[in-house]
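First the structure, then my questions, so here it is.
Per-chain numbering from 1; labels A, B, C, D, E and F assigned in written order.
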Amino acid sequence: MHEQEISKAKVLIEALPYIKTFRGKTVVIKYGGAAMTDPKLKPQVMQDIVLMKYVGMKPVLVHGGGPEITKAMQALGKQPVFVDGRRVTDLETMQITEMVLVGKLNQEIVALLNGQGGEAVGLSGKDGNLITARKLMAGAADLGFVGEVTAIKPDVINTLDRDQFIPVIAPIGRDDEGNTYNINADDVAAAVAIALNADKLVLLTDVPGILSNPQDPGSLLSTLRVRDIADMVARGVITGGMQPKVRACERALNGGVGKTHIIDGRIPHALLLEIFTDQGIGTEMVV
Amino acid sequence: MHEQEISKAKVLIEALPYIKTFRGKTVVIKYGGAAMTDPKLKPQVMQDIVLMKYVGMKPVLVHGGGPEITKAMQALGKQPVFVDGRRVTDLETMQITEMVLVGKLNQEIVALLNGQGGEAVGLSGKDGNLITARKLMAGAADLGFVGEVTAIKPDVINTLDRDQFIPVIAPIGRDDEGNTYNINADDVAAAVAIALNADKLVLLTDVPGILSNPQDPGSLLSTLRVRDIADMVARGVITGGMQPKVRACERALNGGVGKTHIIDGRIPHALLLEIFTDQGIGTEMVV
Amino acid sequence: MHEQEISKAKVLIEALPYIKTFRGKTVVIKYGGAAMTDPKLKPQVMQDIVLMKYVGMKPVLVHGGGPEITKAMQALGKQPVFVDGRRVTDLETMQITEMVLVGKLNQEIVALLNGQGGEAVGLSGKDGNLITARKLMAGAADLGFVGEVTAIKPDVINTLDRDQFIPVIAPIGRDDEGNTYNINADDVAAAVAIALNADKLVLLTDVPGILSNPQDPGSLLSTLRVRDIADMVARGVITGGMQPKVRACERALNGGVGKTHIIDGRIPHALLLEIFTDQGIGTEMVV
Amino acid sequence: MHEQEISKAKVLIEALPYIKTFRGKTVVIKYGGAAMTDPKLKPQVMQDIVLMKYVGMKPVLVHGGGPEITKAMQALGKQPVFVDGRRVTDLETMQITEMVLVGKLNQEIVALLNGQGGEAVGLSGKDGNLITARKLMAGAADLGFVGEVTAIKPDVINTLDRDQFIPVIAPIGRDDEGNTYNINADDVAAAVAIALNADKLVLLTDVPGILSNPQDPGSLLSTLRVRDIADMVARGVITGGMQPKVRACERALNGGVGKTHIIDGRIPHALLLEIFTDQGIGTEMVV
Amino acid sequence: MHEQEISKAKVLIEALPYIKTFRGKTVVIKYGGAAMTDPKLKPQVMQDIVLMKYVGMKPVLVHGGGPEITKAMQALGKQPVFVDGRRVTDLETMQITEMVLVGKLNQEIVALLNGQGGEAVGLSGKDGNLITARKLMAGAADLGFVGEVTAIKPDVINTLDRDQFIPVIAPIGRDDEGNTYNINADDVAAAVAIALNADKLVLLTDVPGILSNPQDPGSLLSTLRVRDIADMVARGVITGGMQPKVRACERALNGGVGKTHIIDGRIPHALLLEIFTDQGIGTEMVV
Amino acid sequence: MHEQEISKAKVLIEALPYIKTFRGKTVVIKYGGAAMTDPKLKPQVMQDIVLMKYVGMKPVLVHGGGPEITKAMQALGKQPVFVDGRRVTDLETMQITEMVLVGKLNQEIVALLNGQGGEAVGLSGKDGNLITARKLMAGAADLGFVGEVTAIKPDVINTLDRDQFIPVIAPIGRDDEGNTYNINADDVAAAVAIALNADKLVLLTDVPGILSNPQDPGSLLSTLRVRDIADMVARGVITGGMQPKVRACERALNGGVGKTHIIDGRIPHALLLEIFTDQGIGTEMVV
């Protein structure tokens, strides 16, 4: 009698030390990849975040939106062009991007969190002047309205957070001339984490973490030191799409964020596993 | 010497009694019509609102978005259908509507206010569960995702307002099953004004106000009593598009809002004129 | 891989609705019986209470102490005398009782809670004038310093609770002449629950709850209405030691406490099961 | 239609950047000269100060009182004696001075401010031990109860200011033996500005400001650097009654006050012109 | 050894119950008569008030000023005229009165309190719009600027009191046309006591209290009930100058003030005796 | 008439400067010796402490308990063993000690303070993790559960103190393994005084203070400098039981406590004499 229930109670009790540890801590989560597109994973991530909030943590979400933007462009008869993995963004593309990020994906996440009992509030970088940006100068190509963060004004996040809301941020920035920019969500997450003096930055990705042998999924590095990054890039261990994520983590750590994590968003409840188990999952980067 | 400057100082001094009167007062503004589309009027409205904020008032904006939604639909190859002035809104139309309202127009207003020195924060009815809605049952036709307000949860507005932000609200609501609805912005403004126990509700329109003779622009009624509405509708004085606005005002007044105003948004600085002059402009409705 | 961890995460997620429901709620717990003497159960109860605190609830403990008092008396060469289940309490017995309750058991519970990561503070009814009492007049026998509650001054509990401490109360009261009284812990718990306007009163006992057939452990009543008590006492369903507990619950409910529960403290993590499962355990009494 | 009103609205909008800039800023105003005696100017200065308060600034007034004191002395049959522009102040003169400053002029200003919608509170240096003073030792002559500031205890100003009152200060101080002193109002204003860490000190005078050629009213210096003062005094540019004013400004700037202004109180709304126009009026002194 | 000191300690201990009783209580004191003119009594009253403040009470002073006003008038060659004990107050007399009350007597009291370690702040009825008054219509004679209270706006007292200042009030009021009035200080004290919801109103007088036989100082009534006043006036027991004082007390009691006291200010430390001894002194009036 | 009362009022007035000086000051009092056992002295000490609280000071008590522990041990048939004045404390002795200190003496003091109108709350070092301790290593002998302070966590004291409660502390500590220790009360008082950044530490003893000639009670040193201690110990002036008290004071002074006092608790109202007279009593130690 009650056997099964009692074993559930024990799981709650096992979580107690983690709840104590993370009480009041700010965790910035870059939400993207499969966790954002897989209909089974989506509500699970939302549950994880609402639970984090309810046990006293302060989660802040930053989301990306790649595939949806492409879809919307195609519906409007525009063909996306990419240079070095970055979308060339003319004014019309920027307008579509903003509508999709702020008017569709951001609202969808807000609705999902609220559906799980949270009280989320969507923000773009324009709200409360949250993100000031400038045109990204990267190589020869003119990428148009692709931007990079120049300043974070975290007042609106702090205001909302103080009152139990979960901020959900679309990676849109604005410069002083009034131009709107699309910014890499990993970079926004890192900048927000620094501005909030966050305890953790977690990037949800579609890989297990950083592998010492990219070909061997069993070679996951559970910890990585910042000072080893240069060498690992040189040796071709950290490659391609992983490089900007590692660089974002490095920036966050240098900016005072306690720890950063690159974790596999394809695992159910990846966030809870990262927070509420000893070994964690994915790769933790530290100074 | 200084003649011109001194006369400016006198204007400021003339505003003093109004500043005193409206200090700390909540004013909900339905923003729409020419004031939202005319490139000369737009920044003026924003200046007015930022000034209201700076002299101690608490402005809250609710905006509509009709023409932009139609444009976006057409760009995507969809033909809008209207029944009794209401857009038939299938799921795809709803998604377009949300993207345009939340991802384009709302952000544009936020950016304009911030450009004038305000600190605006855009909100849809999903943010902080601000607007709960249900399907509007109006006559025989199924209008799809056209909704009406069932509840306002003003916590997120109050939180932001306490910290000097200007809330800007897109008229989107959500029901408990997770459906999204497009709602008439006048109705949202009235419901928000009631929930905030606002002192004033101001509807910016493209007419001078309510005319005792609809054919004669000189027949503007400066004041209208709620008890006279039924008769004026019967006599054909209040017609067509003006009826729902008058009804929204009536609901707001019955819900405890101090005063409501239907003013001509085509006049430069119409809001300031309404607030900072004795005679005001447009038609004031009172109980 | 991660299978076991993921299933743990799911248990946490299952608890989410309960965490939401009980956030900020005050729960007064009468701690006694096996849960207080069994060395395996003791730490589990403490974990449950600390977890309740960490997920935002406000637990308040009231404990009894019967067997330890008897032991201490015997060590000092005094023979306990009981009349109708109540200990005849002369001045020396009262002094021993106070030392055991306040100086031993209360401190033991405080230490156990702190050992689990809580911040408990022990209180007797004298601290901050928490419990005013008077001599209990019950039948012919003079029971000496056995008392009943005349007033609760909850200031010290509220002060401590506001700052994250868990109050642990020994059932000692004082009258205006300075006499100290030993009071039934169930009664103290009920009085404290009323004074705090608690949402729940939970009595930990050594029985499964109230049985419709006292001989049949399978006849547990999961719910009991106050209006049915008199009849059940008359029919001999509620007997002996259960009667005062049921009466304490009745008083609490009449005094405005939301719900009361008589649960089986011998079940591991009985408190968590009661709070975090749908069916709960034991018998719930409602108005 | 509305033409005139709209142009007024534009003036308000022009003031917006200044309102933003000075929000929450403390401005100490030395009130004296024509602005204090001319019946047309008096209400204008009061309007300016009330407006400053209403748009979020924190004005603090310090007033002088020369001519009124002389008048009162003469009414009582006493002949004023001046040495180097300072009134020889025996005990009786001091009592008359205090009555006129605190009981007449200060109350008159308070009443005028309140008449314009402010909530002013009159203070002498004795109230809340605001001003501690000592006998001024200046040259050979014994000036009696002419004093200089030794300490400002700004608690009472801060208390009142926090609650929307406008403090109005009479330049009376007290030493530890209980003697009362009359103090130069410019010096009190400078000392108060330092103690409040004010953003601005404004001296209302009866001259246009500092002239590079004292004979030519057109030679007004709009800005003066502290380091140039010594030379200008040496060259006879800053002379006579202007010297102590310039010295007071210098002390304020050295004490941490942001900016100081010597402006022409004879110009209508001189304070608003100084605050709400780009070029300002009079002479601004900076470090 | 220490004998004398120990007996002093015992006196402090005897005061403890009174300190407890009056902690946080507001006591409005009308200060006048010998206590205000006798150089030996003056510092004692101030000590009493500062002590009251330091042991947690909230004393508020209202003072009169009769003899000083007459003296000042005579110095200026004006002859006072009295009708029924009230000074006929033309404009010049009013100006002299205000200067003497606000600029001399009020400041003297402030300085005395501060000299004893208090932090007093002088207020007239103009400060913070504390006292609104109107012309007193009393009989046939036109008394000029003799006024009566129409409203008390206690904000400035509450603001100062919250921060440990002792408010000292001169009985000057102002009407909406800007006229200044001299008001009876007993009446101001009663009105302030009502507005502050004071626990006590104490009138310091030059008589022992109310005598049942006006000829016999030994016939002091220690308590008087409001319902007995009319009869005592009729019987000639309460006569002349005592009548307005008794009426002021009656009004205060009807306005919600807890108790009122008419005490003999000629007794050293009369206030402490009234507050800190069982029998009190003078006559206590109750409802 | 009133002569005696007036002389009492004068005593209150004499206390005024001391009340002013000690307002808001934290005073930690080690309560022990005759003041804790003499039935006449006990209520006097309590009165003194309650008075201190009522005039705005923040008293914190730490008590010892020697004789009572011995009595309880003997009642249970155990014979106390002392080594160098310290009780050898096996587990059973520790349990008895805790019961006596926390369950008897502490509660007795709380009740006495409350009886005098205070609101005391008893605390052991376990409450709120107030005192962390470790086994005292002192010489060759194993003293068992005799401990020394390793850390004070003053949160619970600060929480209670903020709300007008008087904390009363039993000198019991706990280590991380869950062992309970009996700690010297002078040492606990010094450690608590340091942790609270107290203004004063007062040790109530059964001697007049420190004597320059231990044989001559008239040789009391009213002041002692820390730098002179070593020499006085060497010369045999500070001997035996006084040495640990002097060392505790020295530690407190080095830890930032303003002043420490060793006073004669046998003198009635010794605490008030120390606080409220110029010369004080006993020996004051300063840096």
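In this section, a contact is a pair of C-beta atoms (placed from the backbone, for glycine too) under 8 Å apart; a residue touches a chain by one contact, two chains touch by 3 or more.
Bear in mind the structure is a predicted one, so any value in this text is a computation, not a measurement.
**Student:** By label order, what chains touch chain C and chain F together?
**Tutor:** The common neighbours do not exist; no chain touches both.
**Student:** Based only on mean CA positions, could you tell me how far chain A sits from chain F in angstrom?
**Tutor:** The answer is 56 Å.
**Student:** Based only on mean CA positions, could you tell me how far chain B sits from chain D in angstrom?
**Tutor:** Chain B and chain D have C-alpha centres separated by 46 Å.
**Student:** Quick one: report the Å distance separating chain A from chain B, using the average Cα coordinate of each chain.
**Tutor:** Roughly 35 Å, centre to centre.
**Student:** Please list all residues of chain E that touch 2 or more other chains.
**Tutor:** Residues of chain E touching two or more partner chains: there are none.
**Student:** Make each chain a node and each touching pair an edge, then name the shape: line, ring, star, complete, other.
**Tutor:** ring
**Student:** Round the ring, starting at chain E and heading to chain F first, what is the chain order?
**Tutor:** E, F, C, A, B, D
**Student:** Can you name the residues of chain E that touch chain F in the complex?
**Tutor:** Against chain F, the touching part of chain E is residues 2, 5-6, 8-17, 19-20, 23, 44, 47-48, 50-51, 54-56, 116-117, 267-269, 272-273, 276-277, 281.
**Student:** Could you pull out which chain E residues touch chain D in their complex?
**Tutor:** Touching chain D: residues 75-76, 95, 98-104, 106-107, 110-111, 114-115, 119-124, 126-129, 155-156, 159-160, 162-163, 165, 172, 174, 178, 180 of chain E.
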